[in-house]
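Encoded as structure tokens, the structure appears first; notes follow it.
Each chain carries a letter (A, B and C) given by its place in the written order, and its residues are counted from 1.
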């Protein structure tokens, strides 16, 4: 793969990665959020695959395949199962910040990410590290979604967004962490989603809804 | 031999978990659990002896490593685990859980202890991270054990906040790996605690600053530091008492141990000023939040949780100071607080059962006259937490204060201890209200279904109190270990 | 300001004013055919303007000079923009003043004057239309500024002529991420500024769903004719601006010879864009009013990303 194609492919994958995250903030329905998360998973796999092809690394390609199975297949499937058959749950009931405000906040977060990642790019300037601001902004957008959404499953999607962003950062900065750590991390994320799925089911059976607005028992 | 020393603390609780899973929660599996914890304690002692005599121990292909600091932490965890496993059967018997749920309780409890052992003995920041995340996952269901709406709410908040915090810490880890690779360290050695500490001067300051900041905030959230502390009072108050004891007593300290290890790296790479300022800000904020929210507190389990936050705040002040005396005091505080908090939570579990599962301070009156043994144990534990001699907490708080003033942080120490004084008053007033006074006439009805609080139930509490007092009088058996551990983290 | 440029500018203005209502006619005809109706013919808007110009305008009781002035200001600003923006040629007489901020300011001036006139009528619908239009304007203006700014970063100047010339010299830049994002953002803004679906339905008769129409509800006669002409003119100019920024081939420079070809190219591009817009409108429903800020905020984010990308990615 020659250099210009490599740079363009990285840019396209990175752009799709960020647009999927911003798109998730603009959706009300949880099913479309999960669908966009799957799209973002595809962008992540593309990013890692491009890196693998450029570095002629079979290991990276293997990791990309594994990531694809996990983040495009298993995790969206689990989250959709947690959604269950309740049609009323598919809409977001409330959020601390409305959608227009969320989108404007995400623009600000992208700028913040660009400012914060300057030392990171300065350490090893390359085509891969130039895409770091995009992945860090996805991390920030994930944190924002986690903090402002009131529905349990939107918080799960926000957490998955956060994790996607961190994984992408790891791959762009250092072509991935050691394989055993990567396996451990993926397994942990999978378990967290399983735990959250079980808790969501219990929440729904105890409270009748997964809107966490009503969870105000414990406070001072 | 070394492999056995390092694998045993991980394997023994795993075996106990397997036994519980296979046979359910019976007297024999509960006893097996206590035996596993005692094995862990024995192993920790042997490890401590080995490490003080001949330096760090490595095993399992470099995955597990023990130096004086890990040995100290393992000792504390093993002791608290023994007390918690000892008290679990009594707690579960007084409750009304089905066999299915107690089986899960047993499995998860021992998995939790094993995960903490892995975290302490991990030589690699990545493995440490995986173990800490594993503790979050395992304790999620332990916190929600009682299946009440409040327990469920607490479990949800706990998992979401802690997982996000740990994810932020992972971003910090990734960035640290990035700068370590750039400095020339290869493969998984770039995440190794010892290698990173030794090569810290090669790390790029700009990136390391971001990495350290993220890691401290992430792991600090798991330790109960502001700003991501909101899960702590809920999770610690809703969990079953032995689990609360483990979480409050040692899990917070294990996360704090990560902050100490990162401090070693940061102080060389960035100079001591950066982390000192960050830790002082976090400490004072945590102390303020804890002190203020203790004032109007009406739930005694939440009160104990906020007290944990206060103690973690004091420990962070000590860590910020950074001298060897300060770190030695912090490590002693970890031990003393762990033991005293365990006794307090175990006692609160029994109080809960004797008052119809209500954790309201107003519901408990005249405990010292009604159930003298329980009231005495709980009262002595609270006195220990408040920092009265002969508890170890007295010596460690004194040490932190002296070290801080000697290093020139008089104002910070004054502020921190002023807030601690506020917390002291709040805790003392609440505890006094619970213990003292005459017993109300109608309290007998609520205690009908609770078993009598006899010596068997009191034994773990009395042991804990004895240990914390002994530690407070003299650190003679563990003096060399403590000094060696403080030398690893502290600057001259 | 030599003869060539004056002639070119005059040709541009006359052509654009002549074509604008026809373009509106094309859009209405396409919609009609797709909806299974016969349609009124391509020149119907011109026939409407001619009819309206012969009628006597009336003004509501209590309205003042703002109401009478607004159609003139609206038409005047639209005409000035059509002279300044590089549609047929990059060397118009006003080319040195054809700065991004000036053009956006003139657009805003026209809209604001109309909104003030709507308030001047003192009716409830006038006030409602004015407030809704201002809400849309507040979010659309920054987006259009950022979108063209993203393009100007490469060209090194915010002068529209310079930007178009720069794109002519390096055609592949149109496919860069910054350019694509800016195009997406600008499409949404053009739809919002000219009051087309899904932001506003230009052919609605239900007052509570109106934004632009509610502002001109009280106008009649020659005033209304001017306003209709000015609206078509703004639509044509904005579509022409989009075409020039993102597909500038065929545009003339400072010579006469290329002018006929430039005119043809302009007509072709603008017709294609108008046809696409009309076809899209058949399939879109008008957004509920509280969703309009979401759409505009989304386009703002895209424009912001375009600026960031153009500065920070090579």
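Keep this in mind: a contact is a pair of C-beta atoms (placed from the backbone, for glycine too) under 8 Å apart; a residue touches a chain by one contact, two chains touch by 3 or more.
Source: prediction; values computed, not measured.
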Pair of chains with maximal C-beta contact number: A-B
Chain closest to the assembly centre - both centres taken as Cα means: A
Chain whose average C-alpha position is farthest from chain B's own: C
Centre-to-centre distance between chain B and chain A (centres being mean Cα positions), rounded to whole Å: 31
Rounded Å distance, chain A centre to chain C centre (Cα mean): 38
Approximate Å spacing (C-alpha centroids) for the pair chain B, chain C: 66
Where chain C touches two or more other chains at once, by residue number: none
Partner chain A, residues of chain B touching it in the complex: 124, 126-127, 129-130, 133-134, 136-137, 140-141, 144, 147, 149-150, 152-157, 159-160, 163-164, 167-168, 170-171, 173-175, 177-179, 181-182, 187-188, 191, 204, 206-207, 209-210, 233-234, 237-238, 293, 296-297, 302
Residue ranges of chain A touching chain C (in the complex, touch as defined): 7, 11-12, 15, 18, 22, 26, 98-101, 103-104, 106-107, 110-111, 114, 130, 133
Contacting residues of chain C [partner chain A, same complex]: 139, 177, 293-294, 296-298, 300-301, 304-305, 308-309, 312-314
In the complex, chain A residues that touch chain B: 116, 119-120, 122-124, 139, 143, 146, 152, 155, 159, 162-163, 166, 169-170, 173-174, 177-178, 180-181, 184-185, 187-188, 191-192, 195-196, 198-199, 202-203, 206-207, 212, 215, 217-218, 220
